[in-house]
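Labels for the chains are A, B, C, D and E, by order of writing; each one numbers its residues from 1.
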């Protein structure tokens, strides 16, 4: 399959993620949307890796390694992020980010 | 080295003064200002014999092409002398006053003197800028700590105004720095930078705004009456006697030689602004009831005339301006000393409540009359020679400008005489009945002022000789 | 929250497929088979550098997307089986619903409150730690595939990695994150 | 390689194979329930089911049929969709795992080589790993959707337990991977066919994997999630009819697949000693190989049951301590030793 | 490289110190010792890079600039520990962990100064960000802290996603992650790379809180425990700038397209300056004012990125040093006060002359008054922009904004010196005073002789 398909798919996923982040109010869902963005990037990275490997780049594997690192960092973010969301939930009994605006000032 | 000492003595004395108690700061201030006066006179003598020995250069930030480069030319010597005399006069006048936190007061006064001297001696643009700012900070603190009721807002306005102006100047300095052939901040490199006329067009404004705010020239003057009014009078003396000269000095030292084409291009605009300022300030002064504000507006008018004369673009007017810088400084300090005395005795500044002080304080009245006449520019007082030269220079440039500026002189006579009348003549009231005459310190200070007024009025040649070199150099570069 | 955690780890596995590649041609000599797995040619760089900047062959022709086709078939079959059974049991069984029957069973006593309350933080902590350690484990996969080429040098690098892994492990243990008896 | 130019025989062959494997898993699972009861009875010195059919052999059929005809109850407080989804996922996952296990070598039918493996993908182990870890969804969703405190608690327990034991399992597999250099199960079996069984090289790895397999299948002694006496039966407390059946079946299928996997990875899979030296017809060898694998698998299923009725249930803290503080370091050490030995042998 | 290793190891060590050492004062000493070691180790590397940097494994490029910036960051952190180290105890129980997290952030910063591969850029940014999410929420009971943490986390990971998309698109166009080989300065740039660069600019702007990606900053800085705000808004922010600078200088320098980037970045810079300054004017809390002022200062630091010249590189080092020291100092004193509003400072000069004088010097520095380090910092970035030549309008905006900044910085000075009041001040120790004097001395010395720092360049 041409690489454009993968690019379009990834961009679509990425945009869904971005829209989700911007439009949803539930912290967990926002967080899932961020994960979606990261995974869209992973997919794109792998397709580009394949593309450059087909084009004869000898170091195209580095993109796949990049994906590993993205996953690792995503996991770290999951750990920290969920801990934060839990903390907020325990204090406010809500994961709606609108509640945060109440805390202002 | 002499030049460095001129800066260092007040600076170190200022730092020490912070740590002293009781009358220590007073004495230290006296000693330091006396020493600087002596040094300034010494440097005048040196200037006549070996002018090059007054220059001092040391490495500072070699990567930037900036050096610690101080030096004195005629104008520099004159202004350093003015600074030293001004602070001496201030310290003499206030010797009997007891300020709260006197150590900080004297320390800041001395630091501002150091900053001002630094400005007048700097031959490196970056250094000039730094001293320019440094002179401001102590004055800001002085005004805000010991000033009148509305001091905080007013002095803050003053600070922000001047700070903004100087930042614009900084932009200009940096721009020119990149145009200099050897990437250096020295005055010589700046004057030899090949700036194209288009650049000069806007560079002029970057500098001019900074200087105009300091002088102040209409429409950048709005901070000035408020600040003069709210500041403690000793600070006002420094402000109006010396600090406004920074602006004029800046134009002569850094604006005209560095962006001559820009200055030529805009000189008409600048002069028109100055003349508007003269007439506007004079008109306001005439209807002013507040003594301090009246003198403040008169100062705007006088400075406006000097500034207009600078842009008149010939050697004569430049010479006049420089002489007048010194003389105006002396005169206005004299006036402020009297204001200080009045305020000290009466505790008021409103002219309507004064009157009849000639009876109670005859010595003060005499001094007031002499100084006021000098301020108007009566012949045989020091004000005359400067104004004469400026007017003749302005006349050569454009008759109409001269005519309008001349209006200022007439108006100045009107409001000054009006002030004299309101303060010392007429009916006394119960407030003025209680007044006492000058104390020895005040008498000493005012006598010094009057001696200078008369000596320089009768025999202005040494002053003219002193500055002729500078005016020669500048008008050639211009 | 657990659900979310699982997503991330499963997803990770599916993606990690792409790095690992092998040559499908079987060689009767098992020790020779190993040499055909040279994904990364030899170079002088050290561990990570080696992985990043050496010649790599990906998704070789022996494993194509088509190899996964039977899995799709099986998925369809399994889905069909599950779906049909679910439908069948829905229609076959009797329906005699009473309100008592439809409330939740709590050992016969009356239901109290909502069941969906936060559970002990320990479970959550376990899940988080799992995510972190599992991610560390996935770094071993590419290493395990290539460790022969990387030799002792790579081994020391991995020892270092394991060292840090253990540091984290000891840390959480000492912090009491895995202490269940309290 | 487009779908249009597809080899239809290949499709038919695979469809038949898939049906075969699925039916096999279901039958084995069904009879595991019978086996379980028989083994339990044997160990406890009683008879076990003996009414339905000869030795109670029809008992599983009766049980299965009963489940179909039971009333389907969905509590009013439950989330209906997720309530149905839970057991479906559990079953689906159980059915998918068998896809990459090589059930035998190649048969030659009418000149066509037919592999007894549904899909030989180069990431077989990872596939299994991935699919199995989806299984936790079934339990978690089921438990949560029930909206019952016991169910929720059980499902949280189950999830914690399963993910905890996935770590040492993964590490054990890494050691295996270092040894074989391949993630394809077929390759792993072929290597064992021509050499020694992996259990010889990886005894510790085998042990770790075995223990983890117990935990992953929620089998005793790690059957905490369904601890009857504390949790009323665990995460499937609210379930009835075939949905309950799915949960139970899935567990038995998982046990079957785990056994098959252990046999494949550590005990030679369909390989048996001297298989290449008997001089038999290749098809015959393949069939014998399948039988061998099946026997090994049955043995491990028996082993699962044997342990269940021998070892008492762990406490939850013991379970977690075993998983985190013993299994993980052990698996790491195993991995490092394997790596070092392989490297040492290489040079 | 030394800095990276030593800070990472120090982080691990401190984690364990927290397990075995109960006395919180001792933990602080451990941290100070560790940062001193890191500082020295970092400087020890200087001779080897004096003649030129070298690249390690295609991942990290050790350069003079990197070593120098690390020295600044580590030095500022040292000062921060000395001044505010004892405030850590007030936040929560896990003092050693906070220190450890700060060391990890420093590891991220030292990576940010020396990456030569986009992978390392990504890691650097993440290593810097993730501990900050935790630190922001360290005060677990405070709802504001919770809010800050959650907001920072969501926004931060969102921008990470955008950054990654940018990196991926650039990779798709260039086929490499090596920043010097990206060839983005070339005549024609692949459309993918164009999108990628824009996304990267956005994401990095996010990390350094440049307008219009700044909206998280005030809330986060305000909500976080003050002691961490102090660190986050200074050293870490500077680290973000270095990453920004390095990326742009290496990949785009000298290219014909730099004109376009200059425009985009100039607009961002102008917006940052204007918005940061104007918003800061209206704040009632000094802490919040400093948050907005950090946005404004970010605008100045962006100059260095826009200008892309040597002057800018030097400027960012000096700016980071000046800004970090001054802000850390102001925060250190702020934390000694009960009331964080401007009124809380009323009359401080009478009660604690030393503290007030120190704060005044720091604020002078922040405002860019001469003979403080802040002046030369501003001087350098303005010079860089003027040398660049095409962005004079931006320079004028900058000086106007600098004048505005005087307004809000001087409000504090006015409160301290010219207003009457009885501020509630915690008693300060001699050590604190000594550290404060050290900081003031640093500000003044750098203000008089900036070449003490720059001669190493």
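Basically, contacts are C-beta pairs under 8 Å (C-beta built on N, C-alpha and C of every residue); 3 or more make two chains touch, one makes a residue touch a chain.
Please read these numbers as outputs of a predicted model, since none were measured by experiment.
The chains in contact with subunit C and with subunit E alike are A. Taking C-D and A-C together, the chain pair joined by more C-beta contacts is C-D.
The most distant chain from subunit D is B, comparing centres defined as mean Cα coordinates.
In this assembly, the C-alpha centroid of subunit A lies 65 Å from the C-alpha centroid of subunit B. Separation between the centroids of subunit D and subunit E, computed from CA atoms only, is 54 Å. Once the centre of each chain is set as its mean CA position, subunit B and subunit C turn out to be 80 Å apart. Spacing of subunit A relative to subunit C, judged by their CA centroids, is 18 angstrom.
Looking at subunit C, one finds that residues 5, 16, 48, 52-53, 134 touch two or more other chains. Pairwise chain contacts present here: A-C, A-E, B-E, C-D, C-E [touch as defined].
For subunit E in complex with subunit A, the touching residues are 118-119, 122-123, 126, 130, 133-134, 137, 140-141, 143-144, 146-147, 149-151, 153-154, 157-158, 160-162, 164-165, 167-169, 171-172, 175-177, 219, 223.
Residue ranges of subunit E in contact with subunit C, taken from their complex: 12, 15-16, 19, 57-59, 119. Remark: subunit C residues 45-46, 48-49, 52-53, 164, 167, 170-171, 174-175 touch subunit E in the complex. Interface of subunit C with subunit D (complex): residues 2-3, 5-6, 9-10, 13-14, 16-17, 20-22, 24, 26, 28-30, 33-34, 37, 62-71, 73-75, 77-79, 81-83, 85-86, 88-90, 92-97, 99, 101-107, 114-116, 119, 123, 126-127, 130, 133-134, 137, 140-141, 144-145, 147-148, 151-152, 155, 158-159, 162, 165-166, 169, 173, 178, 180-181. By the touch rule above, subunit B contacts subunit E in their complex via residues 60-64, 126, 129-130, 133-134, 137, 141, 144-145, 151-152, 156, 159-160, 163-164, 167-168, 170-171, 174-175, 177-178.
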